[in-house]
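Notes follow the structure.
Chain naming follows the written order as A, B and C, and within any one chain the residues start at number 1.
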Amino acid sequence: MVRVFYAFLWVLAIYFAIFVGHYSPSWFQTPVKSIDFFCWGDTIEPELLEEFEQTYKIHVNIHPFSSNEEMIVKLKAVQGKGYDLICASDYAIRILKEENLIAPIDHGQIPNIASIDPYLLHQNFDPQNEVSLPVEWEPYVIVSNEPTQLGIADLFQDQGKKRIVMTPDPVEAIMYAAYTLFGKTDQLSDVQLKEVARLLKSQKKSIEAYVDHRAKYLIETGNCDLALIRSGFARLMEKDKVPIHYSLPNDWHFINIENLAITASSNKKDEVHTFINFFLSKNSQKVHSENTLVFPVHKELTTETKIVAEIHEKNDPQFFHYLAKEEDTRDLWVSLKRHQPSE
Amino acid sequence: METILLPENTSAYNRPKNFKRHLKKEAPFGVGSGALVWQFLFFYAPLVLMLISSFSRFHIDGTFESFTFAHFKQILKIDYFLVIFESLKLGFTTACSTLLLGFPLAYTIALKGGRFKSFLLFLVIIPFWTNFLLHIYAWFFVLEKGGFLNQVLLWTNLIQEPIHFLNTSFAVHLMMVYYYLPFMTLPIYSSLEKFDPTLIEASMDLGATKFQTFRRVVLPVLMPAIRTGFFLVFIPAFGEFVIPELMGGDKFMYVGSVVSQFIMGEKTAPIGIAFTVLSGGILLAASFLLYKGTFALNRWLTGGHR
Amino acid sequence: MIPLFVFAIYLFLYVPIIVLVLFSFNSKSFPSPWDGFTLHWYKELFQSKDLWASFTTSLTVSILSTLLSLFMGVCFIYYISRRQKGESLVPLFYSNLIVPELVLAIGLVSYFSLFQVPLGFQTLLIAHTVLGLGFAIPILFVRYKELPPSLMEASLILGAGPTKTFFKITLPLLKPALLASGLLIFVISFDDFLFSYFCAGTSVETLSLYLISSIRFGISPVVNALSTILLFLTIPLALLFFSSKKGTEVF
């Protein structure tokens, strides 16, 4: 009996020692106003955060996540508490909206909305831009050593002659394969999914790696010939004078728009609106886009590159989303990775 | 310390004294139970709960709903079993390769090292002490298309075109062996260190050849150490997924890769847990079989002694 | 013949490291070949705030978990020294090495989410300490059993109470084992990747996590510089461990 008592004492000691942080109130809270920003690691530059803090006296706490999935799970788990502002991709906004985790944005508090490139507004995941505003966007391009005009379909027809780098994201890969096989698709039937799996597996012998960031490095070192990656990486390579060519796929245009949204549970809505307005200003957009070479949303900065013009011209951007049930997607991905092409 | 013993059911005012006495008596346990409490709270409890939760369904807010096999049904598919099998293969080949390399290594250092014994052993240990990510990174340099290995091979004209090393199965296995070699070498070395060299001398004096001595005298003594080393490599190597991802271009799927992908999603987290439990169980069974197998192997190799 | 083979193994072990260190001084980034000696990357390294943050995080977690493990380990040995029955409980701590780290990490993650404990510094500390206990207690216990009981008996006979005996006799004799296991736990915790990946959440970045995100981007000489420095930092630690003679007996 006494032993149990002692053991219990230890449990209490451990509990308090470990979790004392959660119970000490003012010690951890800064007197300065602050907002909690849940976003990608590279969403915003430190210099911009400093500028914001100096100008408006509001501190921004960055909480990074590494995937949209992670972000959605976390937000759901805490019902958004602890975060005021989030940065999410297009389809994630749709999910968050359905789950009522994000709140309407007061357009009146954000004068810089007027300077957003109208092309990026009114997308089908948030037609009135009630809950989200775009802050950056990127199309996906095909990078190659030779100046050829390729389509996504070409990446699947290679038959092992070239080394290709594909995305590590199953959602994207499935969409590429599905579009190649069936054209514009929104939902895949079981039979169609099987065909998609077959196509992806047949591609495997040409695959150098399923990577995202390392693609830049693999191309630079000549370890791969083709890659389908976000334009930011390609433009970075171009800036570093790496001898590569890149262009939009000639069959489908896929783009990714990152948006800002306010959490429903936030009680610092004014501060958040100030920040959103700040991030949409010409200067912030300039700094951010020059740093990461994504495309800004500010009208006056819309880069006069061929790519942007092409996208506007074709005017048929596709967004990534689940084409099949999550479980089936996962199963397919496991099955694909496990599959070894007979050399 | 014991005063007059009173019968158990004496008046209530005796209780506090009893309690205090018990408190003092059990004081050592009070001190030492910290480790036990910690172990139960953070090692056994999580594992048991993980086992239970793989068979349960929970509500969003964390309350228990029902028992179910649904999570397991999701992974009782051929692909997932093949992934587990691949991990078993990886663990096994790594263990065998490290044995092939580590045994001569330990043997040479222990028996032929002389004055340099400690230093040589120290050299083997250093990679074990530094972050394995650094070593992965180091191997990038060597295995690159324009990397060290290819440059040397080209320079010596052994090949005409750079060989594609990185992002292959070869690179994965190479790195696995590199990382796990100390785990195999050290127990064997440790056992050899304690080995009584006079036994060898005696055996040779009695007419046995070097080979016979090795087989009948040295090997039986070393078998426990070999066994230890084998499992020190096999079990962690089974769960390895970072090395295959970085060295293999993420083209291969192992237990660790599946689990880490599943655990991040919300709907798939319970499936990830079920898969962990399943893999853990299979690993346990496989280890048990291998363990028994080493005894049989021992009998065969050493001709029935020990 | 065998010595040649062994020499080849050493080559295998060290060529990558040597190449890595050399290229941290190369003035041009890989894949350019050797261009010229420079300390430029080291300068860049020292100015990186992210790096220092992750370094101090790793350091703090490792030191704390080592201290915690050793403290609880010593307490447990004290209990065993007073109550022999406690020895039967020691095998409870051996399972830390039988269970793959991956399984334990996943178990902890689901355990924490079940109890709504947010992942962060504390959960990482807990994970590392569990790992640490699995090393501390077996090592300390083995060393404890090796101590000649006559020393303790003599102290008791001469009138010192059991507690005093423990502090004045047993504990000092355990010092080499404490040092050895402490170093081992520290290094394993500092280099740990799996637990950081699963149990640390996103707000805590350890050195391993920083390294892997750098590696995922490809090669950068700054990482070379970091690797070189880490290598040279851990070598004296290894030396210390090694010289305490408890080194190989750990296995």
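In this text, contacts are C-beta pairs under 8 Å (C-beta built on N, C-alpha and C of every residue); 3 or more make two chains touch, one makes a residue touch a chain.
Owing to the predicted nature of the structure, the values given are computational and were not obtained by experimental measurement.
Ranking every chain by how far its Cα centroid lies from the centroid of chain B, the top place goes to A. Across the two interfaces under comparison, A-C and B-C, the one joined by more C-beta contacts turns out to be B-C.
Rounded to a whole number, the gap between the C-alpha centres of chain A and chain C is 35 angstrom. If each chain is reduced to the centroid of its CA atoms, chain B and chain C end up 16 Å from each other. Shared interface positions of chain B, defined as residues touching 2 or more other chains, are 29, 33-34, 36, 38, 144, 146.
Listed for chain C are residues 30-31, 113, 126, 216, 219, each touching two or more other chains.
Residues of chain A in contact with at least two other chains: 70, 211, 221. Across the interface of their complex, chain C is touched by residues 28-29, 31-36, 38-39, 42-43, 45-47, 49-50, 53, 58, 62, 101, 104-105, 107-109, 112, 118, 121-127, 129-142, 144, 146-148, 178, 181, 186-187, 189-190, 193, 225, 228, 232, 235-236, 238-239, 241-242, 246, 255-256, 259-260, 263, 269, 272-273, 276, 279-280, 283 of chain B. The touching residues of chain C, when paired with chain A in their complex, are 30-31, 113, 117, 121-122, 125-126, 202-203, 213, 216-219.
Chain B contributes residues 19, 22-23, 25-26, 29-30, 33-34, 36-38, 41, 60, 74, 77, 79-80, 82-83, 86, 144-146, 164, 166-167, 249-253, 257-258, 261-262, 264-268, 271 to its touches with chain A in the complex.
Looking at the complex, you find that chain C touches chain B at residues 2-3, 5-6, 9-10, 12-17, 19-20, 23, 30-31, 71-73, 75-83, 86, 89, 92-93, 95-104, 106-111, 113-114, 116, 126-127, 129-130, 133-134, 137, 187, 190-191, 193, 197-198, 207-208, 211-212, 215-216, 219, 223-224, 227, 230-231, 234-235, 237-239, 241-242, 247-249, 251.
Contact residues of chain A toward chain C in the complex are 18-19, 21, 41, 63-66, 70, 77, 211-214, 216-218, 220-221.
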